[in-house]
Amino acid sequence: DQPFFVMTGPCVIESRDLCLEIADRLVDLRESTGVKFIFKASFDKANRTSIHSFRGPGLEKGLRILKDLREHTGLSVMTDVHEPSQAAPCGEAVDLLQIPAFLCRQTDLLAACAETGKPVSVKKGQFVSPAEMANVVGKLQESGTKKILLCERGSFFGYNRLVNDMGAIADMQSLGYPVIFDATHSTQMPGGLGNSSAGAREKAPILAKAAVAAGANALFIEIHPRPDEALCDSACMMPLEWVEDTVKKCRDIFSLIRS
Amino acid sequence: DQPFFVMTGPCVIESRDLCLEIADRLVDLRESTGVKFIFKASFDKANRTSIHSFRGPGLEKGLRILKDLREHTGLSVMTDVHEPSQAAPCGEAVDLLQIPAFLCRQTDLLAACAETGKPVSVKKGQFVSPAEMANVVGKLQESGTKKILLCERGSFFGYNRLVNDMGAIADMQSLGYPVIFDATHSTQMPGGLGNSSAGAREKAPILAKAAVAAGANALFIEIHPRPDEALCDSACMMPLEWVEDTVKKCRDIFSLIRS
Amino acid sequence: DQPFFVMTGPCVIESRDLCLEIADRLVDLRESTGVKFIFKASFDKANRTSIHSFRGPGLEKGLRILKDLREHTGLSVMTDVHEPSQAAPCGEAVDLLQIPAFLCRQTDLLAACAETGKPVSVKKGQFVSPAEMANVVGKLQESGTKKILLCERGSFFGYNRLVNDMGAIADMQSLGYPVIFDATHSTQMPGGLGNSSAGAREKAPILAKAAVAAGANALFIEIHPRPDEALCDSACMMPLEWVEDTVKKCRDIFSLIRS
Amino acid sequence: DQPFFVMTGPCVIESRDLCLEIADRLVDLRESTGVKFIFKASFDKANRTSIHSFRGPGLEKGLRILKDLREHTGLSVMTDVHEPSQAAPCGEAVDLLQIPAFLCRQTDLLAACAETGKPVSVKKGQFVSPAEMANVVGKLQESGTKKILLCERGSFFGYNRLVNDMGAIADMQSLGYPVIFDATHSTQMPGGLGNSSAGAREKAPILAKAAVAAGANALFIEIHPRPDEALCDSACMMPLEWVEDTVKKCRDIFSLIRS
């Protein structure tokens, strides 16, 4: 019976300053909401829509920023892993590894992350059924870990649009592990702006509440103090000032449905 | 700021006795939950999977049962309308008319229902986007009514499966009318059993909670005291004994997200 | 081993003159291509996107025009039926009845059409799997007819878009009846223009060829001499001058794959 | 105006003997059909459904077999690349590199393949619209190559099922490069057998003909002399004895629609 928690942060490590600005706010929110936050940011975005998109500071510099931030704020930190060779250094630097949705079936990547001993959160691919996540879980377990989390971030629903099957949260929980709901990427409209993804950030709080009411164990929310200036996924990023209300409502729904 | 309410009943009027058994239970639940119930049952099922499926008692006998039931219990009653010629007699007998999803674009049917002066609830077709419901609303308004309700009951998601776009509830509400969530038909697997639809009734309470957390104004739930014996939609019918907990949880989520 | 044939015409009976203009051209094409044409036009469009859309001349006047046209040109004629009460008069006037996709599960409509003794072509609903068409076929057979045709016109593929499962043609043929491919409605983008459907008419010849190569027995193509002026489905209507090449190519593919 | 050609082979390099058995047959077919074949087989399957699935002989041994086979038969050879570090050795050994569908947006992988100077064929992800392939093409072009091919292998169509949008072939061709149709993976039912993918190999010849009629420039077909014994994708592998008829029919449709 783990308590409700929230993975959150600015998609990509745009700068040390931005990360600290956000993390400081999360420290305040931890106080005001009583909810645990895990700080998430990517050191590299390996599959941006366009080759000209900003990718991040890279592995070495990115992990240094995350470690500093953890020391500075006491927050747990997490990051994405895109290739097997990145798993070991990431596993040393952060508290939780995340596998992107497109890569959720890449056997070597799953195995390398599992072998770090750190918890691994896998996003369900937009092309994968909840039942197929049994095979993802199997690959991680056979590679020696039981610290597994699964994440719902939307399924393909015709071109340029995703949909969340809220019933799939329970289906994935039946595999024996907690299920996180990614409220911001679920609002993505892939390729919707031609050379970048569109989004509908005003839907993120709605979907977050729905997913927690459907039983999700935790939330994943990408946030930014100035979303329109965000260097990645701007269209679906949640403004920092929406977070407190969303988290409080979801925390209360979480308790209500378990009462 | 209408309070939370629930449309519910046994899919089809199997018998006067079954309707009374269920309605009596709803009267009790009205007491224990403080929630308003509208009794729903169909006098005819005009698009069953198989021609051999049970269809109901027909218009005349069906409406008589619904009127008796209203007198007996004080519950409001509603029923489905399948052809323009049925609108007037239904409008005289019941408190609310419902247009089935497959028929949501049939102009004459919408107009005939609007002209009764009774509120009309239209199920969004499984093949219709939320934005297209603006045209359905337009047809009703031009036919002289503003007593309109819209209902989400799932969109086609590959063969034999539906999915609910929980963000679509807000999109439909932006048309200016309340949105009902049909928790039981949303779990249908059309044609999943060959000559009848399969379903996943255990998902109905989950989806109900998610939809209310996403802002739905009311619920539609088909119920049966002995679902496995139900003569229609057995696989997705909610057992009578689940209703109280589902309604209470949804009632509380309804209040929580509006607080 | 029926030869290749084509159902075609102007969606709705805009006027007697338009119908004759198109039918005269079909008589020429019958000569130049050696292919049989069945003239199709609707007397009423019962589910237009908007209540303000043009609907047609109505049952009586529409059937009179179709009968005249048959006499004048020797072409077989067909039309849509939307309510059980229309089946008998249509059955007397035309050579083939067609059931619209949204109505493909309406039991009474299927039965009434079957009882006319005329062949009945049913469009597969955008929300129906090919296997479920076994139940549609069952309803027709139990109502006393074996003159059945099925028609593929696209499945829902996310909001405002359809997709054709070309493998479904063979699945429906395995039910024992010929399968028609509707090349123009398959390009529809329902609701894509807000108060009317968008379309992609340039895709119609491509999809027609693909469907015939996948084994379709015949084509359904809506045509217009001046598509941009068409009063219905303008965006997906095929210009009259494309028909000859499309029909010849499809006729040759039809033979090639059966050789 | 490139002539019709076919990429084909046994999914994974099960053994040198199997590859030679198939390649010898392709040499015969080249004679009997006049069509150019490119031999395809993977040295590693990096995203099998289960961690226990057979993966192949690995990079070094696999590339050696492919080079031998090319020398022995005169066939061009191609293989999959899964990580940027594999691009250079593959580029030296084979005539064409292929990027798997799940990885079609991985920027570094695209760039590494482009930099080999060998033609690169990219499978459209099951979660990607045809228009988004402009960004994939952009990444390759910016990395210095114009030897690009795109491949349609199905889009997600509800859980455990794919569908081919045959109109998407023309949309992708409008990006300026030839479009291949993958006839066998398009019949996959991902996860349909629990711990492996199901398939419908009898649909492969049907879809191949449809795609060529829709304008596809070439085919991709995985084949096996004894499909039920295949170590990978057995359910959708085409039996060797079906290839000749399928290729001849498709070759003739290819000519017919260009005449």
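List of remarks:
In order of appearance the chains are A, B, C and D, and numbering begins at 1 in each one.
What we mean here is this: a contact is a pair of C-beta atoms (placed from the backbone, for glycine too) under 8 Å apart; a residue touches a chain by one contact, two chains touch by 3 or more.
Since the structure is predicted, the reported quantities are computational estimates derived from the model, not experimental observations.
Note: the chain lying farthest from chain D is B, by mean C-alpha position. When the C-beta contacts at B-C and at A-B are tallied, the pair with the greater total is B-C. Centres computed as Cα averages put chain B at a distance of 33 Å from chain C. Distance between chain A and chain B, defined via averaged C-alpha coordinates, is recorded as 36 Å. Among the residues of chain D, those in touch with two or more other chains are 155, 157, 159-160. For chain C in complex with chain B, the residues that touch the partner chain are 46-52, 55, 82-84, 102-103, 105-108, 111, 125-132, 134-135, 138-139, 142-143, 155-156, 159-160, 190-191, 194-195. Listing the residues of chain D that touch chain C in their complex gives 155, 157, 163-167, 169-170, 187, 200, 203, 206-207, 209-215, 249, 252-253, 256-257. Across the interface of their complex, chain A is touched by residues 157-161 of chain C.
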